[in-house]
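What follows is a pair of complexes built around chain A, which joins chain B in one and chain C in the other.
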Partner chain A sequence: MPQATDLRKMFNIQPDPEAALVALAGNPNTGKSTIFNALTGLRQHTGNWPGKTVLQARGTFIFRGHKYILVDLPGTYSLLANSAEEIVARNFLCFARPDATVVVADATCLERNLNLVLQVMEITSRVIVCVNLMDEARRKNIFIDTECLARELGVPVVATAARSGQGVAELKAGIDDLVRGRIVPTPRRLVYDPEIEDALTRVEQQIPGEIKELFNARWLAMRILDNDRSTLDNIRQYLEPAEWGVLRERFKYCPT
Partner chain B sequence: MNQRNGVSCVSGLNTAPPEASTGAAGENCPLEIRDRIVRTIYREAEAIAARAVRRDRPCGSWENKVDDLLTSRLLGFPLMFLLLGAAFWVTLVGANYPSQLLAKALFWGEGRLAELLTWLGAPSWLHGLLVTGVYRTVAWVVAVMLPPMAIFFTVFALLEDLGYLPRVAFNIDPLFKMAGTQGKQALTMSMGFGCNAAGVMACRIIESPRERLIAMLTNVFVPCNGRFPTLIALASIFAGPAAGPFAATLTVAGLVLVGMLITLLASWLLSRTILRGEPATFILELPPLRPPQPVRVLVRSLLDRTLFVLARAVTVAAPAGALIWLLAGTSLEGQSLLARGAGLLDPLGRAMGMDGFILLAFILGLPANEIVLPILLMGYLSTGTLVEVESLAALQNILVGEHGWTWLTALCTMLFSLLHFPCGTTLLVIHRETGGIKWAVLGALIPLAAGCLTCLAVAQGVRALGLL
Partner chain C sequence: MEKILPLSELPTGQWGRVISLNARGMIRYRLLDLGLVPDTTVQAVRRGPLGDPIVYRIRGALIALRREEAGQVLVTPL
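On to the complex of A and B.
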């Protein structure tokens, strides 16, 4: 069974017991790169047209004496593996298992951005939502009740206007609290229709215990149910052949 | 699909043999479950946002109202065709007079050029090559194509600047989904109206390789800038005089509709044969509608499109004119090479409702669709008796009087223009984007087959029914 640090090595992240791994996810054009720069102080440029190699920008920052490695995931609208960007983002969240994931959301169209937030929360509970572009939203007479949002989602929410640096310190504090365990999020669980829920329970029971330790079982069950080849084929790369054999035998899964 | 199918799929995952399970799941199950998953996520996001977000601008602002109208289920499509029809109507009505004026001016120029050459004492072969070959072809390209292009591109650019094209994509998305691909193809299709090569390049926005290939292979089914002038000219000659610009508008709009239907049909066929799979869900961002900037639109459409297309047409048409003049002038066993080539193709052309010259023009027009009509005219003029052509009406004379065109010939030529291999540039782009010669070949063969079959069916059908 691979260890978490082994999995991280696959993403070229050297094991460093002192440093916490933080992922930055979000829809395209939400100011994710601005947040990345604001947190790390690193000047970098990322284009976002498809067809270009999917790059991951990385940087580090120190907060309250602790070291953080920040990885900027490609901007995506979902994690349902429709594109190379989505596969990269999803794989990082499932297999590198960051200690905290910041989901940057655009305050001017929060509803669309929440789709991604909900999907990230299905993979990991260590989520902090950063509602960015608050200044722009205010100009458009859109007001976000962040306390209500935090209550609804069950994860911490920080409002930022990264271009002017507002809220960045709070975001750092939020990440720190999350990583140090001072905040334990209880993310809202998506409840599907009874049929899917029934099937999920059945599939979940059949997933071997060792694999459940490695992945969120409910999420994995959903991918099996969805016959999500892209995810399952990737999981195969990260498992030992014996473990994969068990999974495959139980679910009669044929890789592409 | 009803809910019971969903259940049987879910339980089938554990009981059926591996091949059968994935086979069945691959076709029915995941799409339905995926849709239910996505629906749950969206519903939840909507509910949370409803509680946490407050807007002071009410939803009933004019932008939202206009958007609701443009993308409404009931009125979305009629409005789309109304706008498209209006664009063609303005073009057809507006292009007529300037076309005649331009033709007069340019053919006056032909006379002066001939006089100049005579004064210089140029030999008669040079005279023929330059005046009858190069100049006349170029003059035709400019007179027939420039006015409709200048008007149509401006109107189209206005719609684009307004932000209307993403709304079109939104309207057509369900149809593409039914065809087994996705709505972003509606965007690349819209770009194809400008230029198929650009449309194929734009397919990069489609992430799934399967759907990207389908979009690339079917992009050519919508007429590009190079083909619109041909369609508009032929429509105004054959539907215009009798019934006025309205009939011509309907003809062109109808052809565009046929192109869109064939795009859907071909996508459907492809996604069920060589490119099987399920469509991916995607989010289409509708940029805000904004008032167009007339000056910018005018400058951009004139510089980037009209002049660009015209320059391309002229640069290819000039040498092509010379080549065709040579082919027409070089005889082999008492018959010009051009006539021989056309004669060889004639039986095939006739079967498809056209003639050998028309097919030859399409084949020689491979480098650029803009030159198909000029090549055809050159071919006709080199064998006909007319020395000089003075107006658009004279074009009708050449086609109908000299070469026996009927409405069926015009219809089949327009259909074949809509449905044949894309221009060389587009094929090169398909080759470059897919990294293989295979898809470029398919990209030429699929529309060619569609065109041959359609023209054959139309021509034989019309003749069998005795409509002509």
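On to the complex of A and C.
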């Protein structure tokens, strides 16, 4: 398995041992770009994601003397349906392996946003949920119990109203705490029906150790069990040929 | 026995509760991502001129589904 830093280069992220990599994920229109701007100010670049016509925004910020590289992922409702946006977001989380991922959620329709939160939590445990548009929610008499949400999800939750900058300092502090290991999230794991859990365990045991070490094996096992061909074909470019060969042999997987 | 019918046959204005999905692959993911998991309540809001697409209220949002997609969701009318 290539090192995370090598893989990061495949996403236009130059290796910088001093800097932590932070991803911003979220449904469209949740205020991701507003939060991105509030965090990075003018220190940002835009371009395209390699090989895609999807816009990539990168920026940096310094907090408590530490440098952070922030990447604004395309807005998506899911990581499984395989639009160009979803492929970009999913591959980045799986292979660039950010040191923290902020999932921005809309406080006025939180339920709709939790699908993506849970999907991100299945890929990485280094998640912080940012419930944005709190001012809009208040206007609509929607009250969000962020402490309860954090308890239920097992990850930190920060409330923001990014357009007026409210909560942005707390978000920075939360990211810093997560990256420095002062907060260790314990994301609630979705437990499937016993037959599925059994099958997942068996598939997971068959995944080669080198891949398991650096890659979320449970998530990969789920995709294999799903026979999610487009995802599997897609992750091939991030694996060494030998590793891919082992997977292919073990699971009798024939690329499309 | 509860009456079960495809979501595409749910009369306009009527609410139903999702029983199961017949879809597989990408369509299944798309329907699940829209929030159409078992026990979700959904309302048929209006139909396009040729009965396709059909607009549904799902978890507070109005969402248009092609008849073919809605036909793969089984509901019981409420």
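Please note the rule applied: the second predicted complex is superposed on the first by the 245 of 256 C-alpha atoms of A that agree within 3 Å, B and C clash if a C-alpha of one lies under 4 Å from a C-alpha of the other, contacts with A are read in each partner's own complex, and residues count from 1 in each chain.
Simple rule for what comes next: a residue touches a chain if its C-beta (ideal position, glycine included) is under 8 Å from a C-beta of that chain, and two chains touch if they have at least 3 such contacts.
All values derive from a computational prediction rather than experimental measurement.
Engineer: Should the superposition on chain A be reported as showing a clash between chain B and chain C, or a fit?
Structural biologist: clash
Engineer: A:L7 contacts which: chain B (first), chain C (second), both, neither?
Structural biologist: neither
Engineer: Considering only touches as defined above, state whether A:F143 meets chain B (first), chain C (second), both or neither.
Structural biologist: First partner only, chain B.
Engineer: Under the stated touch criterion, which partner chain does A:I211 make contact with: chain B (first), chain C (second), both, or neither?
Structural biologist: neither
Engineer: Identify the partner contact of A:Y77: answer first if only chain B is touched, second if only chain C is, both if each is, neither if none is.
Structural biologist: Touch status of A:Y77: both partners.
Engineer: According to the contact criterion defined above, which of chain B and chain C contacts more residues of chain A?
Structural biologist: In the superposed model, B touches more residues of chain A.
Engineer: Which of the two partners, first being chain B and second being chain C, lies in contact with A:E111: first, second, both, or neither?
Structural biologist: Both partners, chain B and chain C.
Engineer: Going by the contact rule set out at the top, does A:A173 touch chain B (first), chain C (second), both, or neither?
Structural biologist: A:A173 sits against neither chain B nor chain C.
Engineer: In the superposed model, identify the part of chain B that clashes with chain C, out of 164-172, 218-226 or 398-406.
Structural biologist: 164-172
Engineer: Residues of chain A that sit at the chain B interface in one complex and at the chain C interface in the other, please.
Structural biologist: Residues 77-78, 80, 82, 111-112, 115 of chain A touch both chain B and chain C.
Engineer: Under the definition above, what is the set of chain C residues touching chain A in their complex?
Structural biologist: By the definition above, chain C touches chain A via 26, 29-30, 33-35, 59-61.
Engineer: For chain A, which residues count as touching chain B in their complex?
Structural biologist: Interface residues on the chain A side: 49-51, 77-78, 80, 82-86, 110-112, 114-115, 117-119, 140-146, 148-149, 152-153, 188, 190-193, 195-196, 199, 203, 206, 222, 224-228, 250-254.
Engineer: Please name which positions on chain B make contact with chain A in the complex.
Structural biologist: Result: residues 3, 6-7, 10-11, 13-14, 16-19, 21-22, 25-26, 29-30, 33-34, 36-38, 40-42, 44-46, 48-49, 51-57, 204-205, 207-208, 280-283 of chain B touch chain A.
Engineer: Can you tell me which positions in chain A touch chain C when the two form their complex?
Structural biologist: Going by the criterion above, the answer is residues 77-78, 80-82, 109, 111-112, 115, 230.
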